[in-house]
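Common to both upcoming complexes is chain A, partnered first by chain B, then by chain C.
After this line comes the complex of A and B, so read on.
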């Protein structure tokens, strides 16, 4: 084939994939709009999420520098302080995966495959001209740059210490934050001041305050987990002040408690819009996600940064501490905090069952599922592991398991 | 009179019950137009038992096509139905149930009261399921009811864990002139290994039962016993346990 034919074919494939991505997104949005719990207050988030699938359009509308991040381990506050806009590279489109199958191993994590395909489907998008941050969490993230052949000049790695319950690791992660700060300063050609960091922390604290109310609404089973996922997924594509305002308006809606559904805790691999298959199936099986520790949902905020004073060091230390100690990523070797946090929520929320979502190819969560299953079952909780990917063909198989799981939880309820 | 129907992925099973006794049963391969097929089966059962539609007090459905059937008084998932069925048929002796369905395998742990304590189910993969046996039967040109036989022949090793690759492996074995009985034994062992992997080789509470259509294959039961190191029991009509269980949920 001549280079011209190859280029033409690539353009056709890009066009086709992008078209399918748009259809997939619109179909999911339409489904949300058709639900009885639809309220117009969800629209701003759906509008923001549209850009999550089109980084070129995102870049055009933000009026500032875009920095992509493969993982939320990099403190959002620092990007805000640098006045750059973060674009979280996490895609939930099944159609997007088609483009990436040419360059990635067959058993690649679906999210990585989809994100790569989504970027490759962009016309006139030069990956090598993008700024990208890689916190070294899972192997897919670590190797992504090499897999895609991305030039390393515009990338920044944050070396995440996977043993965290010691001072040495904390200091190491703080150094990484300073290094990120320096890299961002070089991009914007401007110093990030103590005041910038303080303002950013405050903006995210304000957001967290509103977010806590949103969490409370879900605990009370007043809002659906699909809405919750839409709102949390939108965070990393929106201006934080706008996101806070929109969430503030959303929570003012007079929601009613939804009856006849059994609360469960959802853990595991991220749920990325538009792939909300599992959430939809859980709700269709008369259960409701009352809480989760998923990094694209309830754990999208690691919590408020608590500083001792307003010095730059104290602020940076607070951020470092929050994003390292409070993180529940399964790549950590000492993850007792995760289990303790989960059990706490289970006890307080009177939740008896945990559904553990594993995306096929997401090895850290697959490993973690075994550890969690053993520990949670020992504590008397019901545990269901659902291993799936972005396809829809396994829905019936999943529904069977979810319905049987609900029955086991109903039996516990009857006994108590 | 009560009717329990299991609209499975490869077969539809239907049972009639009167005074907690199975008075009629039938299993037919699944085909398109399932609701019409179910109606035909119901009519056939009514005719055979000299009953009328008005005699039907309860109609319960389960299985992959459970929501397609109109007029159900109860729709239950097949795991719950299976647990209830085996509990009733074994008078509460079953503590572990291995169900080998058309396209999935389930391991269900039960309490002495028939409560589901835990369950596992394989993902979307035909290996180790009834569908796998069907594929093998087609290649070997041997009906499934001939998969149980007495033979001292050494089984061949079927190494592929994927049903598609196993198919090519079997074709290749046939081309080498390997006797089909050795291949069938190898297939039974291969499926038993897959099921044992799903159990995680964990300790199983006894009595351990197996059901589903493939449980009719005594060769598979023996392979399972060798692999799991437990005595494996089965009920008289293992392919009807799930349909029967719908009546006791």
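After this line comes the complex of A and C, so read on.
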């Protein structure tokens, strides 16, 4: 086969995948629009998410430098302070996943596969010219650059210490934040001042305030979990001021409480749009996600960055702790307190069941599921582990399991 | 909100304890806070001065305790407990005038955007015994005067090196405590030490919030009796996610509240009840200050988001 033929075939495959990604996205959006709980206030978030599948178009429509980042450990506030736009490399497209199947190991995490496929499907998109930040969370993230054959000159690694409560680890992570700041300064050729960081923190504080209200609505089972996922997923692609304004408008809608649904807690691997299969199935089974600790959803804001004064060091320290100590990523070694937050929400929200979502190939959450199952069952909570992929073929099987889980929770409710 | 109320309380207390005497108010001489007796026209003063005057001899008999001399030692202690018991260490965070002075200096540093000096956990642990050493010395030296003929120039040893002695009288227009006393070697040593400590502490207070509180013997004394008080600082360990806000926001960097995962009681040795940690805790009811079991203030996610708006 001549190089020309290979190139032509690759272009055809790129075109086909891109087209399929668009169809997949449009189908999911259409499904949301057809739901009885659809409100037009969700549209701005869907528009933002449209670009989450096309980094080329995303780059064209923003007026600043784009930096791609894997995982939420890279502080969003620093990117905002540097006036660069972050593009979170987390893709939930099944079509994109297919594109990368040939170049990655068979049991690769679907999110990694999908993100790789999404990048490969872009025409005239030189991966080696993109700025990328990799916090060293799971093995897939650590090895991703090598897997994709990217040039390391444009990338920045953040060495994440896997101990949360250790003083040395905290200091190390703070150093990593300073190093990221320096790297960003080199990109934008401008220093990031104390005022820039403060303004960015303030912008995210405002967002956190609105986000807290959104969570309240969710606890009262007034909003759909698919909508919630759409809103939280959009955060890492949107301008924060715009996101806050749109969320502020969304929460003003007079939602009604859905008393007939059974509240559940969702934990585990991230749920990335357009793959909201599990959320849709849970809602179709007359259950409602009242809370979660998924890093792409409720934990996208682990809390506000509280600073002791407005000096650069104090602001950086606040950010460092917010993205390290307050993070509940399963890759941390001393992660016992992750359960505390969950149990607190379960108690306050009178939630009796936990559904644990594991993406096939996502090893940290798979390991975590065993630990959580044992602990939660000891405390008297019902636990259901759903191991799935981006495929749609296992939907019926999941529905059956969810139905059985709902019956169990219903019985507990009756007994109490 | 809580911080504003606290600041108002501190300012009212400052006016009352520094200028109260001029208004005819005097709360006595057994207050559990740094209200300095060297301030002309003060509205009450620190118990540590009376404690240093309790020169009880070792030959004391049971009858002595109920004699006039004995009551002169016991009665101030009873009054101290009467003041201390209802509020416990909230006296430090909410009413102590010297703490307010430190807060003013911190405010200047914050306005200038200068970073705070951060001590490691190990350093904090090493500094902790100092306040108890000072407490023991301020009791032992007067006992030595009473029993071992130590010269009376050694009287009031802590007051003579206390940084509040030269600083607080300044607010009443008295600058005379910034001096060296050449009367004899002991007085010269005390005044020289006082100047060095005051200078060092002023620098320390500028770079480290509530720097003096790390060494305050009154805080140590109050911590010993904290169980007598109905004030409790509790943590719901099952709700703490370990975000570390409490440690970072704490003026004296108490790390035990963040790390504690067994005991409910987190009223630590250096805690002065300023409630900064409760304000910054994102967990609902995870940290709470209680009085006779009644919750005075507890943490909440909503409060935190609203506070940050301000």
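Basically, the second predicted complex is superposed on the first by the 416 of 416 C-alpha atoms of A that agree within 3 Å, B and C clash if a C-alpha of one lies under 4 Å from a C-alpha of the other, contacts with A are read in each partner's own complex, and residues count from 1 in each chain.
Here, contacts are C-beta pairs under 8 Å (C-beta built on N, C-alpha and C of every residue); 3 or more make two chains touch, one makes a residue touch a chain.
A quick note: this is a predicted structure, and the numbers were derived from the prediction, not measured.
S.K.: In the superposed arrangement, which partner chain does A:387 touch: chain B (first), chain C (second), both, or neither?
M.R.: After superposition on chain A, A:387 lies in contact with chain B alone.
S.K.: For A:209, decide between first (touching chain B), second (touching chain C), both and neither.
M.R.: second
S.K.: Thinking of the overlay built on chain A, is A:411 touched by chain B (first), by chain C (second), by both, or by neither?
M.R.: first
S.K.: Could you figure out whether chain B or chain C reaches more residues of chain A?
M.R.: Counted on chain A, the partner with more touching residues turns out to be C.
S.K.: Identify the partner contact of A:5: answer first if only chain B is touched, second if only chain C is, both if each is, neither if none is.
M.R.: neither
S.K.: Is A:401 contacted by the first partner chain B, the second partner chain C, both or neither?
M.R.: Touch partner of A:401: chain B, not chain C.
S.K.: Name the contact category of A:338: first (chain B only), second (chain C only), both, or neither.
M.R.: A:338 contacts chain C only, not chain B.
S.K.: Considering only the touch criterion stated at the top, classify A:328 as touching first (chain B), second (chain C), both, or neither.
M.R.: second
S.K.: If we overlay the two complexes on their shared chain A, which of chain B and chain C does A:313 touch? Say first, second, both or neither.
M.R.: Only chain C is touched by A:313; chain B is not.
S.K.: Can you list the chain B residues touching chain A in their complex?
M.R.: Touching chain A from chain B are residues 64, 76-80, 104, 115-119, 121, 123-124.
S.K.: Tell me, which parts of chain A touch chain C in their complex?
M.R.: It comes out as residues 164-165, 167, 170, 194, 205-206, 208-209, 212, 216, 302-304, 306-314, 317-318, 321-322, 325-326, 328, 336-338, 340-341, 343-344, 348.
S.K.: Which stretch or stretches of chain A touch chain B in the complex?
M.R.: Listed in rising order, the residues are 377, 382, 387-388, 393-394, 396-397, 399-401, 403-404, 407-408, 411.
S.K.: Could you pull out which chain C residues touch chain A in their complex?
M.R.: These residues of chain C touch chain A: 109-110, 113-116, 118, 120-121, 209, 236-245, 248-249, 258-259, 261, 280, 282-284, 286, 301-302, 304-306, 308-309.
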